[in-house]
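In what follows, structures are represented as structure tokens.
Below, chain A partners chain B and then partners chain C, in two separate complexes.
Presenting the complex of A and B:
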């Protein structure tokens, strides 16, 4: 490997969950980071040229982000993340990420920075970061220090989000919980649009990933012992924790999400206390056409709150 | 009227899965000493039933297996068994159980996803639950022989698809395989399994072949369930044989579970893949690359629509296709498949391969 000065971080997929920690870790080791621009129609169009038609919208966007970073940095960070526990895996796409990017962009000969782990490795987050530090040519001491401070930074960021969301829970009026993968909820091209539409209808929007992760994860085991996916666990756990305190839930999924296709169906079957709206975003329409559905959903909640349907 | 019970055995059922239900039945009946409900061949109605009660975006195998389970309950099964795996399959059982309960069925459900990768003790507990009087020695022999049966069936099938297109007497391969399947269906001991296998293998090998000098050879790769299950892939391999091709499919239960594992296969695809990409992607890439290197004429990639791990194999297959100049036909199955549509595509693919071969020679 030649000398690395700048590391590119694609603003897609798990960057919305762990990006703060990645960036803090690399910067703590003395590298500078380039994060790709927020998703837009152009990002998607670039990604769609490269992706297999059937792949999910977030992955198409991710490829667009990668393309943007090629040439703009020394290496692009594309980790292979399988999950640390057999019942807390990630979707198989995270296992194939580095190989996928290498094969899709083969002609460009991309230089990737990667680290790999899955539940078979019996490893933990700290060890994975140590390995990453080693790949970057840093000593264990340096890596440990950078990891500790990156973790603190992440923790702070999360607590901050959680605290702000707690305050929102006390607000009067209609409270809607947006449930989904973090990269769907917060990507301006996907969930961002939906949050905006909800807010315009006068609803306070809460997010499943701004709930205490550890608590949500624990709670999810009451929902299902066998569900194999970490993010769906955090999401369902958060729904379970908050369902009594919100007026409605919007299940936000990007087409075609494998885990969501099954888990959201289960959620709709099990959550009967609050109205649930299931929205699926795809590459064709984006958020267009969602407006009417959100409007009528909020109407239903308003009517319900005014005592319209009686007690259910 | 009440069901007449001639003994206190339970009736177990497992979703249809290619020819493997015979092996499973053997294990249940000879090993576990319970009754097994053998479903008749799937029909259009099976998948209609399954689709009706499945989430829209669930993969086709979810719908096929749910359809099988509903039919099994309608036929009188007491205990349903569903397996787990390395993809969405791991959540099939949990959701299917919930769907069936909501439909009002009453049954015992065994979700093997809860046991896979777990300790041996748990499996023994499960055996005890399914039959409190289970004889452990018998169970172990039953499992061993059932697995052997599956391996034999895979082997006979392999011979069939490799050579059936060149049989001198029309229907001779089919006849022997039918008889073989019938014998596996009625086998009650290791001896009977072995004898049936030997007879079939010998008969197949002594058949007269009219093999062209340069036959078209096609390799089938893809997703675990859809690539193997002939009903799900609309008899893809049989269709290719009828067009005149010699067909191979590396992916079967034998090669997936009882031979070289993922870690052993991956070094052989190092040029393309560095890590385990999940589920059976390594098998897919390995098989495709070996077909390419062995000079096959074409590859058919089979998966159900929305299958994430197999979708991720596609960019790699595209690179293999470019590097080795081997055409790949990508088939993505959902539950609304037209038979004629598939026929046309396969015919065109086969003709193209045949012409390419002639021109190159």
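Presenting the complex of A and C:
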């Protein structure tokens, strides 16, 4: 193994939830980080060449990001995440991420930096980061310090997003909550397009992942005691917390997502306070055809507020 | 003095509809014809038909609107005041004629939708996704296979004693199921009745999934002209399903109303039907997204362009 100086972070999947913390941790240990560019059609085309057809759109994009990083850094960070709690697991894609990447890019033999944890390991976030530090040849003291500082950085970043979103809740006009996995909501090629279409219709867009994570997670247990997925918990909890304060909810899912297929259907049935629009993005059409759906949805909200047709 | 009139055109994937109405929602002219893959050409033909029925001495058109999947293109062509989605257009049109409607079922050539209405305003809607099973195009292809005109489907279905069970979840499965049913000896009319039943069932289980269907129910779109499907809906829903004589024109009617209510007025001339319109697709090379931008030209002059994700790709 050669010396590691730069660590590549693919801008996809959980990077949209924890990337700030990863980057701060590696930099705190003295490494430099290369983050792949924001997703574009090129990213997707690159990813689709490598992926099997049946896999989900975000994973196809993720592979495009990996490809971009090959040769641009010493190692690519691809963690294996199972979740920390039995009812806060992650989908199987995360549980197999390094294996999938290694196999798909077997000809290139990329050097991956990885760490693995599972809900039945009785571990916690700090221990996982300590292990990661050890893999990188750092002392426990160095890793602990870098972790504490990275965590603070992440916290600050989140509080900042939450504060800004709170201010948006006071805004006049139509407020729409976009609910989904962070990597779908904020990827420019997926949710970014939807946010743009919503904004063009004059709506203020709020996001489920800019709601206090801990509060949302706790609230999700009122929605379902048995649902096993962490991200779906965070997003349903956020929906429950905000549903009375927005004019509409857009459930945004990327095809095919097993957890979303189940949970979004539940949400559509259970949330009766505001109009709910369920959108599924796929690799073929992307955001095409979404315009009609979003325009119709905003019209419904607008005419409802006006009290009828011909009144606004 | 000539009275004001309003034009609405609904350009769908299969058919193009046009109406001219006056200030009191009276139809002054109407047209319905096949799009045949040429939305601008079909719209020109619709305009010609409308012009023939239109009394230019008594009325003049002061606003126009477009809806349907080619609304943007034809909107640019007409210089329309209002360009709006078909959900809103159908809701506005239907509630104008049936103020008490609560549920609008719509099955068109390639899409199907449900609109839930409360107090005369849409409160919820759903549309079919990628799959076109159970739409007009599906029925046409099955009619072709059976050697029957799709227009006769309704009548034939009503003559059947019972409906043969046909799997209509997917066009591919339906075809093989259909062949099988014919080979084992089911009478044709029972199969056609089965197809109509499958269309209604497929719609209720997919598009209308989770939606509460409350009476009065209005059924529109091309497939509503099929009496067999209407009957199957009534049997499944246990309530009367109303099909308006003008049901196929509701989108065009709704968008004409919206054009009037926009209070934006400018004289419309049927001369656009004689002008030449051309579209060109260009790929923007300014970033890795490679947006496909559609440019519309009237007599060689660029009048509109769209498809760019950001301002870097703005053509005008």
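Basically, the second predicted complex is superposed on the first by the 307 of 312 C-alpha atoms of A that agree within 3 Å, B and C clash if a C-alpha of one lies under 4 Å from a C-alpha of the other, contacts with A are read in each partner's own complex, and residues count from 1 in each chain.
Throughout what follows, contacts are C-beta pairs under 8 Å (C-beta built on N, C-alpha and C of every residue); 3 or more make two chains touch, one makes a residue touch a chain.
Note that the structure is predicted; figures quoted are calculated from it, not measured.
**Student:** Please tell me, clash or fit, for chain B and chain C sharing chain A in the overlay.
**Tutor:** Overlaying the two complexes on chain A (C-alpha atoms) leaves chain C and chain B fitting together cleanly.
**Student:** Thinking of the overlay built on chain A, is A:149 touched by chain B (first), by chain C (second), by both, or by neither?
**Tutor:** neither
**Student:** Examine A:91 and indicate which partner it touches, taking first as chain B and second as chain C; both and neither are also allowed.
**Tutor:** In the superposition, A:91 contacts chain B only.
**Student:** In the overlaid three-chain picture, which partner chain does A:292 touch, first (chain B) or second (chain C), both, or neither?
**Tutor:** The answer is second: A:292 touches chain C but not chain B.
**Student:** So if I put the vertex at the Cα centre of chain A, how wide is the angle out to the Cα centres of chain B and chain C? Nearest 10 degrees is fine.
**Tutor:** 80
**Student:** Between chain B and chain C, whom does A:269 touch in the aligned arrangement: first, second, both, or neither?
**Tutor:** both
**Student:** Tell me the contact category for A:201 with respect to chain B and chain C: first, second, both or neither.
**Tutor:** A:201 contacts neither chain B nor chain C.
**Student:** Answer with first, second, both or neither: which of chain B and chain C does A:135 touch in the superposed model?
**Tutor:** Neither partner.
**Student:** Once the structures are superposed on A, label A:54 by its partner contacts, choosing first (chain B), second (chain C), both or neither.
**Tutor:** So A:54 only meets chain B here.
**Student:** May I ask you to name which of chain B and chain C touches more residues of chain A?
**Tutor:** B
**Student:** Please indicate which partner A:259 is in contact with in the superposed arrangement: first for chain B, second for chain C, both, or neither.
**Tutor:** A:259 sits against chain B, while chain C stays out of touch.
**Student:** Once the shared chain is lined up, is A:106 touching chain B (first), chain C (second), both, or neither of them?
**Tutor:** first
**Student:** With both complexes placed on chain A, how many Å separate the closest C-alpha atoms of chain B and chain C?
**Tutor:** 5
**Student:** Looking at chain A, which of its residues have contacts with both chain B and chain C?
**Tutor:** Shared contact residues on chain A: 265, 269, 280.
**Student:** Which positions of chain C touch chain A when the two form their complex?
**Tutor:** Counting only chain C, the residues touching chain A are 69, 84-88, 91-92, 95-96, 119-125, 127, 129-130, 210, 257-258, 261, 287-290, 309.
**Student:** Once bound in the complex, which stretches of chain B touch chain A?
**Tutor:** Residue list for chain B touching chain A: 55-59, 62, 84, 86-88, 90-95, 98-99, 102, 111, 113-114, 117, 272-279, 281, 305-309, 311-312, 314-316, 318-319, 332.
**Student:** Sort out for me which residues of chain A touch chain B in the complex.
**Tutor:** Spelled out, the residues of chain A in touch with chain B are 52, 54-56, 80, 82, 86, 91-93, 95-96, 98-100, 102-104, 106, 116, 118, 224-229, 255-266, 269-270, 280.
**Student:** State the interface residues of chain A toward chain C in the complex, per the touch definition above.
**Tutor:** The touching residues are 37, 40-43, 189, 193, 196, 265, 268-269, 275, 280, 282, 284-285, 292-293, 295-297, 299-300, 303-304, 307-310.
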